[in-house]
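In structure tokens below, several structures.
Below, chain A partners chain B and then partners chain C, in two separate complexes.
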Partner chain A sequence: MKYTKLAAASVTALMVATPVLADLVFPSLSYRTGPYAAGGIPYADGFADYFTLLNERDGGIGGVMTSAPECETAYNTEKGVECYEATKGQGALAYNPLSTGITYQLIPKVTADDIPLYTPGYGRTSAANGKVFSHVFNFPANYWNAASLAVNHLKEVSGGDLTGKKIALVYHNSAYGKEPIRTLEELSEKHGFEFTTIPVDHPGQEQKAQWLQIRRERPDFVIMYGWGVMNQVAIQEAANIRFPMENFIGVWWSGGDHDVAPAGDAATGYKAVTFHGVGSDYPVFDDIQKYVVDAGKAAGNGDNIGKAIYNRGVYAAMLLAEAARTAQEIHGTPDITSSMMRDGMEALEITEERMAELGMPGFGPTFTVTCENHGGPGTGAIQQWDAAAGTWSLISDYGPSDMEVIQPLIEEDSAAYAAENNIEPRCN
Partner chain B sequence: MPEQLLFAMEVTLNGLMAGVLYALVALGFVLIFKASGIFNYAQGVMALFAALTLVGIQQGQVPFSHLINAVFGTEIHHFPWHVPSIIAIILAAGVMVLFAYLVEKYILQHLIGQPDIILFMATIGLAYFMEGFGDIMWGSEIKTLDVGLPQGMNLAIDEATYNMFGYGFFIDNLDIVAAVVAALLVTSLVIFSQYTKQGRALRAVADDHSAALSVGISLRFIWVLVWSIAGFVALVAGIMWGAKSGVQFSLSLIALKALPVLMLGGFTSIPGAIIGGLIIGVGEQLFEFAIGPMIGGATQNWFAYVLALVFLIFRPQGLFGEKIIERV
Partner chain C sequence: MFYREAGDFKTSYRDDSQTFPIRLDRMGYYVLMFVAFLVVPFFINDYWVNAVFAPFLIYAIAALGLNILTGYAGQVSLGTGGFMAVGAYACYKLMTGFPEVSIVIHIILAGGITAIVGVAFGLPSLRIKGFYLAVATLAAQFFLVWLFNKVPWFYNYSASGQINAPERSVFGVIVTGPNTEAWAKYMICLVFVVVLAWVARNLTRGMMGRKWMGIRDMDIAAEIIGVNPLMAKLSAFAVSSFFVGIAGALFFAVYLGAAEAGEAFGINKSFLILFMIIIGGLGSIFGSFAGAAFMVLMPVFLKNVLVGGMGWPTDLAAHFEFMIVGGLIVLFLIVEPHGLAQLWRLTKEKLRLWPFPH
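For the complex of A and B:
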């Protein structure tokens, strides 16, 4: 009896002395159902597979296992908010909802709850201003960077001059789709091109009127801000009216493999802006294959590896993981809170060396996040589709966007938000 | 000829073509409503499910492979074959017949005599069930549908109109195929309902359930028959729409395009579905062409409903619907 008590006391003492580390939780507000599932699935797979890789290969981050519990939003804003409320109590370190509508609803909530919101390449663009948006991060690039990068590319293929050219924006008639309009208006004044906007209502299954308009007005270039079925239909309709594919360029959310596949060979030449690498020729994907897919632990079939949207999910997860690692270093503990995670995101530094160590050399830009700048460098490249090979190829280097135009817009929009919400600018 | 007039003519032609596609979806609603008085909320999802099944069979996909792999730890996804398009279409149509049988056996049979609203609610449940079932059975990924339908600009029309007006009209080959298929479908349905025993029975049930039952017509058989035909119409609509955008879950939303057509054409008329589709197609395209640019564009979705509402005010039963006269 005495020995039993002694053993029980020893075990209890051991349990008290050795703190149990909870998982580092990165909830995935995913959408694997509904009209936008085609884009939601590969992104969610990439996001989940990267955290699984960290667990299987490295034993987590800083010795703490990670988890990315999924909550289905069906790309529905109300469901997204419900998912946030349902998961925030599970020790959530950061949210990445893959929806601009959900992002807008979560901004005040995450700020109040002290949980960072990460929206790479989407969400509220002016959240790049960390002085106003303390808990929102959208590095390494945003919608306005994408618009500028597209215009830069069109200028380059036009011999360096867009004067007198006609550029049409075909956009999803939603908060997301309207984001680049102001930037493109400013850029049209600066570069002297004629700019027209052509909205497409949700979901975008029928676009005959829009493409007949394009056929009549004969713009030199078409930029697309679409998502879901709108992308596939637009690319098919462009092919139908024989609009030159090389003059048709989408934002990164219109640059998925599934967007071009239904149009078959006719989609060859279509371009999209990207802020990360394409294809699977990076060591990290070999590791995902070995430790995740071959081990039967992949979130999906494992056949999305190297596809554009899957890669974006992996990239987002990697940047969050690196921010968590930074937070662990800053606070000297592996068991970080969401508040510490926010600090890590604000101090994140991505170098070429680190990218190489992570098995992703040159996969994305190098950058440093600061208190003032939550938006990263705003650089990007252009990818082009080859239907015969079934691959995207980068046809440009990563280049800068026009921050002379974009920064004042960010300042203006974030100042308006600060005034509306009585936010005192920080980072002084 | 003034340029704007030529453009308007082109838009009108394309509106007619779009209208045919809307009518294809509306037809399925009409068939079921006419025979059973049920507004089948699941018609859009039936088009999705039929198209998913067609692509799945054609590409040799193993149904429920995600589930099988998750439960048994296997890694099976595809059979080692591809099924020719025509056989895949026949098999998919067979699946829709089986679906009709199951709907009748497990849902409708138990709801005989219930108010219409209960039957309508049952079809809402059926729609969500089928969406989830289709997801589990075939997966949510977007699938390319290729049954050999031509796509792209019709060069003959382009050339002919260019020679005539100095401006070549754009008409999509797929839309022309859809128009021909719709014409064949409607003709077949009319012949079936007028000249076959089952067709006459179907019309009898549509006119008066009780009278039809009293002369020995099996209501159950008619319901299976009509849901099978609606399933086949859904398959055709799924093929046409799926060929444009790939087969994905947004396909179920094409039902939204059929509602104004039904409001306008009437819920009980096959010609009404066609004429209604054409009016909605032309109306929304012309409005977008003439007025859209002045008010920000993207007017098609809501304008179709405005147009239908205007018709409803003057003719509540729709253009070809049966006037409801109830005597107390």
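For the complex of A and C:
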């Protein structure tokens, strides 16, 4: 026993002391195993492929090569902590853990270690308030925007009035799924719809009871905040009880191709909110095909290009790369540190011209990050699934969310965090 | 040759019944304590404490707790995760409710609260045994996690149901929160582990431990010779839950810093800790440590070798990790069904005779 332990300790010491130097390091705390791998794989592939593209096509960012070392978290917070500590020493510039649970763990840690945390469309929603959360960014949209966008869409399809309608929320019974409840409660008061919550416990493979309840209570609309295997099961169960798919709308994390595919034709008409473009009809994907996939450097199997969650990985990587570029400009040095990276993220400006230059015209909203607002514009569109064609298509424009309701909630929640942790508001 | 009793004369009963009767063992123990307290803190960094030492030490406490209940008193429990959640949430409520009181007191009180909850869920053990008791404790596991998810008072009405440990210090040294130094985090876990292991060792070789073992080996016989099963079983539940509660409090406050009931304290945690004591050895203090070390360090070690050393893709490595750890568990249990502790015991027996086994 003693010898094995000794050997283990010495080998581990060797292993952790191998930093990647002189690169722009964007650790990818990914998960390619476990019940959430279905969503984790395409996202991690997109994230990695974009950085590979930058290296292959442009020679990195500002002349410095990038790297996105992966660390497997299996969507588990303990492994997330281990991954954070393991990659921190490699000169990590920013973290993107793709897990709300891990995000909650990392918020205080990254603030203490002066590393920015980027959580597009997930994480702690009130981190949009840069006055309290100096190191956390969740542009261009967050959970509460998604809830509001979904309600806006439902209002539109109900002829502009939701009074007396019944909306049920099927949610992952974790920090992630609980996030939109407050917002939806406020919105139900404002629009006069009846609101019920239906939790689904981790990992969500068993949802018979929940959908029986939906069948009994007959809500007009169902909103879903699910992730991983839970999405597929929910859409299948909805099909089984013949719930009309066009009245079933998921958050962007419930809008992957793999989520709807198992239900086959029955999934046609299922909707999801999104904050970026769908499909592979953008020049950037041709570049990825040419420089990454054809060169045999694609992450994973290379078969996810153009899928909804893959696109999100590419989009997140693109925004991080742009922030790194901004940081290089601000500080006048190509070798930026995590602290400079934070400044870059806070000064990030995404314009239509820049998006077109990057081969992603109209892929996402244009916005400017400021010291106060780390959350971006909060706009989004609705995508709908067509099983016969096997594609998502946008059925609405990028519309605004109801910031009148969301902003006070952000203020309230971030104020509570500031009070708990004795944080002085910045940006004065 | 060196490892033997011969020549190591004991002149009092006290010496005769000490934990480490052989000189080499005793010296090993002192060296270990010296290294743990006076060497490691000076060399430890964030990675080592967060990936290796903090989880190992905290799981060792939980394994000690479960070992008292299952290994010594023979009461099977699948509620460990739930009891850890009680410790964590009790600690959270105390930390946020009484910020001026020391965190050490909060952690101990959290253990006490867990002990009370543990006794309540241990009451069925008076009537049911074995698998039936396992199912009753399984109910505790699900009920407790559900409770902490359902009642917002436990998580101070936060929007997401997450609990976050605020910054607290001991003697002016920060031990919880993000600004904790690696050595401080390590030391608070180590102090709790050493004190609790010492308590566990002395409880289990005293009257109470003998009563527990009597109940475990044959409860009717134990009752006939005067062991009160009510007191024995409930005290086992209380002490075990106290340990598990402290482990839960440390797990949340010191190690993770933020937690949610379903994810951090789910049924998987109960099984993990049960595996630890089965692999380590039921009814053995050393076994609790060996099992915790095996279950915590092995995956981290494999991950570092496969991904960091051999450059494998992370998903392949993660799958292999499951297979290797699973294979090793099966192998260990075939080679030695009584766990790593028995392996260690046999090694020591052989060492005593070495190099002349006949």
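We take it that the second predicted complex is superposed on the first by the 407 of 428 C-alpha atoms of A that agree within 3 Å, B and C clash if a C-alpha of one lies under 4 Å from a C-alpha of the other, contacts with A are read in each partner's own complex, and residues count from 1 in each chain.
Note that in this section contacts are C-beta pairs under 8 Å (C-beta built on N, C-alpha and C of every residue); 3 or more make two chains touch, one makes a residue touch a chain.
Bear in mind the structure is a predicted one, so any value in this text is a computation, not a measurement.
After superposition onto chain A, the modelled positions of chain B and chain C overlap sterically. Using the contact criterion defined above for the overlaid structures, shared-chain residue A:173 touches chain B and also reaches chain C. When both complexes are overlaid on chain A, the residue A:71 reaches chain C alone and has no touch with chain B. Once the two complexes are overlaid on the shared chain, A:391 sits clear of chain B and of chain C alike.
In the superposition on chain A, A:88 makes contact with chain C only, not with chain B. By the touch criterion stated above, A:201 is placed in contact with chain B and with chain C alike. In the superposition on chain A, A:236 contacts chain B only, with no contact to chain C. Of the two partner chains, chain B and chain C are each touched by A:32.
The single stretch of chain C with clashing C-alpha atoms against chain B, selected from 41-49, 95-103 or 131-139, is 131-139.
Shared contact residues of chain A, touching chain B in one structure and chain C in the other: 32-33, 37, 41, 173, 199, 201-202.
Remark: chain A residues 1, 5, 8, 11-12, 14-16, 18, 30, 32-33, 37, 41, 70-72, 74, 76-78, 81-82, 84-86, 88-89, 100-101, 104-105, 107-109, 111-113, 124-126, 173-176, 178-179, 181-182, 199, 201-202, 300, 413, 416, 420-421 touch chain C in the complex. Touching chain A in their complex are the following residues of chain B: 7, 10-11, 14-15, 17-18, 73, 75, 77, 131-132, 135, 140-142, 144-146, 151-153, 170, 172, 241, 244-246, 248-251, 253-254, 257, 284-285, 288-289, 292-293, 296-298, 300-301. By the touch criterion stated above, chain A contacts chain B in their complex at residues 32-38, 41, 173, 197-203, 205-206, 208-210, 212-213, 215-216, 228-229, 232-233, 236, 239-242, 258, 261-262, 264, 266, 296, 301.
Only residues 46-47, 50-52, 55, 96, 149, 158-162, 164, 166-167, 177-179, 255-260, 262-264, 266, 290, 293, 297, 300-301, 303-305, 307-309, 313-315, 317-319, 340, 343-344, 347 of chain C touch chain A when the two sit together in their complex.
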